[in-house]
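In the part that follows, the structures are each spelled out as structure tokens.
Heads up, the next two complexes both have chain A, just with different partners, chain B and then chain C.
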Partner chain A sequence: MKKINPLVALTGAALALPAIAADQPTSAKLSFLSSTYHEKDIKNSTILSGAGKRYDIEKNQFRLVTPLGENWSGDLYVSQEAMSGASPWGTFDGADDESSLIMSGATIRDKRTQVNLSGRKYNEDSSYGFTLTRSKEDDYSAKGFGVSGEWDLNNKLSTVSAGFSFSDDEIKPVDALKFGRIEKGKKQTRSFAAGWTQIINQNSILFTGISHTVKQGLLSDPYKLRDTRPSKKAEWTLSFKYRQYFENRNAALHADYRLYNDDFGVTSHTAGIAWKKSIGDKLKIAPRFRYYSQSEADFYAFGDNYSLAKTEAQSSDHRLSGFGSTTTGVQISYELGKWSMKMSFDRYSSKNSLGHAESEKEHPALLDFTLWSAGFDLEI
Partner chain B sequence: MGSPCQIHVMGEKKTELDEFAEECRQQALGFEKKYSRYRSDSILTKINRSAGKKPTKIDAETFALLNYAQVCYEQSKGFFDITSGVLRNLWNAETVKFPSERDLEEHLNKIGFSKLRFNDKEAFLPINGMELDFGGIVKEYAADALAATARKRNISFGLINLGGDIAIIGPKADGAPWQFGIAHPVIKGRTIATIQLSNGSLTTSGGYERFVEIEGERYSHLLNPKTGVPFKSILSASVIADQAIVAGSITSIALLNEETDGLDWLESCNLPYLAIKKNLECIGSLARNE
Partner chain C sequence: MKLLIIKLCFVASFFTSGCSSVEPWERGNLAKPEMQISGDAVDDLLLEQVFYSKEAASGGIGAAGGGCGCN
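After this line comes the complex of A and B, so read on.
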């Protein structure tokens, strides 16, 4: 038999003592977060037709986590967002090597409401949970569910997790007849995830996870003038999250990496780093930086090609081009008794040349946006 | 608890801190009542009195503590043994000569954690005269429990000190760490090292505080449960861990070994430690801070 490290063995036995063990939530927590998302307007010179004002989103999120009896916890999440702005309908590859965007004519206004309801049962060395999700906007509705389990091993120093989720979505594009759009489309998403969390020592934790998602149905964007994507997509992700606490600095380093690949041909890398510094016991400041880079999809076209048959896969969606982006931000939180106030700011900037496998030409719709959030947590 | 206990807490509302102090007092008394071998109504006394007669019903907490003691027994290769308390009859303040072979043998027969039978419902010592003693476990566990109570009450600054077993609630109110002096094992009233701590737990075990002197030679109170004779161990060990109970059993086991083995044990636990060798040399990661 392999000899167990004494610290691991003793800590495991200590965590089973009732006055020390406290995994599940013991008091209810109410959270509220309000966010403002603003996309930078598109330069008029690159617009062939339509409006240059892009999306603004106001989002409010509410969450209540509460213990239910001895071994259960419940979690209710409600979010509402109001969006307005124009979105790209297509691109035109001009003879002068300049590209032009065709934007939606008028400002689009939409509201989206999402409700998630979850429950989790805690046992001595495991926990099992379920989630029901429902979201609705003018042209889109989704229903879903998820199940997951977590199992503690090696005296609670390792945790294995596994989950499955399913979502059934329906899109009914507005003005379908007027613009010759598809009247109704359906999409089903199945996702499997597995993870391993390892406590390395008292100050560091490593999470490794893998997930596989299969999407089937209408994956094309019905609002674009010419957008035909395969009706099935398989995605894989591999992620690592590392947390290291530095006692002498009273700070924690969060380092994350994610590798993504799908059979549309997109491979992406996401690397993030955050430094969560405590100043005194109440104030926390966390500057963060994230780098993202993706390669273009196999059927990505810089300019829409109307000579291709509609059944041939092609898309000029900037999100399928090869590009890179950076997100720089900071979160500040302040604790006051049972209250915790939070505020954050992020600036996102994307560019063709930032990517590891940039597309031949820069897509004019590549985004820059800012995101402000403010909210609170309250223990009740 | 049989030793001085201190609670240092800082906060904005005095009434809240007073309430917490009172809850701590009640909680500490509760542990004492339940696990002290000096009290006739404790669960420990019941188990000891029923030794060789009948099993005693136990609750989930006592079962978890016995489980913890079993892990200590296994990890220490049998040197940390909560049934070894009977050796106190041979080594105490009145001892003036080395115990006889016969006395030792008679006591050693009543020792052995592996003889204890227990499950989640009951515990049974099979030999009349056998005794359990939660020294080295319950005081440290109580420190962890009181610190957890503080956190539940949203108290963020302070520490619990139960006779030298320290569980930190959080730093001082100005964010500064607490400072602890480690007693000099030879010169009374002097410290040999200083340790700073803002979270976690710190415990120190020393063989120098309680000892028996026979013909000019000092024997510590830390006895080898296999031979009945004190160890020639390091003089003192201090360890920082997340839980005081873990730190406490690691320092105890360090002293329940000959010097070299004790140092190897401390090294194998991968925790910050300070060990004082018989020649007064300080070693370990905490010694290097000095």
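After this line comes the complex of A and C, so read on.
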């Protein structure tokens, strides 16, 4: 049997491809990834009540992508996760910096299953896709759909993409009567996205994208002791993704940036960089670094204020405070025939002082976590 | 803010629309897996959900996911 030069095969594939738009897969691919997520415990000295043991999550992901006929592809994604640990319920802003956090007990346990089913039709200069999503936890369920399109322009040097997605979510907090929580809440999310991908030269491409998301309904956290957020939120993002190939290094540089703004008053910057290096034909190593920073929401306060009416917006959620974070990680993959074994490790650290607009006082619930993953891809 | 984002998009489009022509047979490097705009979809979905549950900002990443009660 004639041996195919991989470079020739790749160039041939490139000829047949839209430059950068999604292309119909030529064979089926099965992917599996198993992950362990561990949050660092909270210092006991900062806890007024509750447990300091935070979340541990075990997650398994499964994905099957396959060509369907001449012009279609199908994509089935299933994930399952089991989580346990304690989460912050509120904060007390006392004179002393310590002992301000009110945590739940360490008995929170939940399971989540998510299924996404997608289809895509490929034409010579365009493709159109749809996605149906379903997610279910003990206290939370979500149903959604999305549609998207991609169009090649300018001799396939440019690709325009656009998409819309909708999600209908429902929460039924556990122990609602016992703790005086709302019994049921609904949230709807509509999101529009558009992008432009441009080949700059033989070794570099740039994606520029915008998105606009509107969330409506229960946006407050019903598990917190005092958390009242507006019932509508509009979000905007502007993203850049740049890819540069270095032939002499046999590696690709990924540089990403996202600007985010919402009408809760949060502005954030996210920058990511990765160096995807091939060593020989089989081994790939990709160290990566991500920096994130956000300003606090207009109604964020370090401590819960019980003198405010319940209808007035306030939240002491650390995720609405001004802070920054870094994530450092590496992904390694090794090809064995039709198999590609992969593993990754990421370490996340968040601090008030890392942010571009830090809050006056560091929230004690800001967290650090580690994430280990291992899995495989199999060409079928 | 909205105006700023729209203006930045126009600026980005302006700079990228004047790029040199790259013939199809010169796109071998661009077709490599490590040069794709979207990376490993399973890995992307995992990281997107993790960050979504820890930070206020979300979206603009590219991978689609179902809603969760984590934020």
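Keep this in mind: the second predicted complex is superposed on the first by the 353 of 380 C-alpha atoms of A that agree within 3 Å, B and C clash if a C-alpha of one lies under 4 Å from a C-alpha of the other, contacts with A are read in each partner's own complex, and residues count from 1 in each chain.
Keep in mind that, in the parts below, contacts are C-beta pairs under 8 Å (C-beta built on N, C-alpha and C of every residue); 3 or more make two chains touch, one makes a residue touch a chain.
Being a predicted model, the structure only gives us computed values, none of them experimental.
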### Message
Looking at A:K338, would you say it contacts chain B, chain C, both, or neither? Reply first, second, both or neither.
### Response
first
### Query
Counting only touches as set out at the top, which of chain B and chain C does A:A365 meet: first, second, both, neither?
neither
### Message
Between chain B and chain C, which one contacts more residues of chain A in the superposed model?
### Response
C
### Task
Could you tell me if A:N116 is touching chain B, chain C, both of them or neither one (first, second, both, neither)?
second
### Message
By the touch definition at the top of the document, which applies to A:N201: first (chain B), second (chain C), both, or neither?
### Response
both
### Query
Between chain B (first) and chain C (second), which does A:I102 come into contact with in this model arrangement: first, second, both, or neither?
neither
### Task
Could you tell me if A:A86 is touching chain B, chain C, both of them or neither one (first, second, both, neither)?
neither
### Query
Which of the two partners, first being chain B and second being chain C, lies in contact with A:G280: first, second, both, or neither?
first
### Task
State which residues of chain A lie in both footprints, the one left by chain B and the one left by chain C.
7, 10-11, 13-14, 17, 19-20, 201-202, 247
### Message
For a test of understanding, state which residues of chain C touch chain A in their complex under the given definition.
### Response
1-2, 5-6, 8-9, 12-13, 16-17, 19-22, 24-32, 34-37, 39-43, 45-47, 50-51, 54-62, 64-69, 71
#### Entry: Sites on chain B touched by chain A in the complex
60-61, 64-65, 67-68, 70-72, 74-75, 141, 144-145, 148, 152, 154, 156-157, 170-171, 173-175, 198-200, 241-243, 245-246, 249-250, 253, 265, 268-271
#### Entry: Complex interface listing, chain A residues touching chain B
5-7, 9-14, 16-20, 22, 26, 201-202, 247, 250, 279-282, 337-338, 379
### Contacting residues of chain A [partner chain C, same complex]
7, 10-11, 13-15, 17, 19-20, 31, 33, 35, 37, 59, 61, 63, 77, 79, 112, 114-116, 118, 131, 133-135, 137, 139-140, 142, 144, 146, 155-158, 165, 167, 169, 171, 187, 189, 191, 193, 196-203, 205-211, 213, 235-241, 243, 245, 247, 251-252, 254, 258-262, 264, 266-268, 270, 276, 278, 284, 286, 292, 294, 297, 319-320, 325, 331, 342, 344, 346, 348, 350, 367, 369, 371, 373, 375
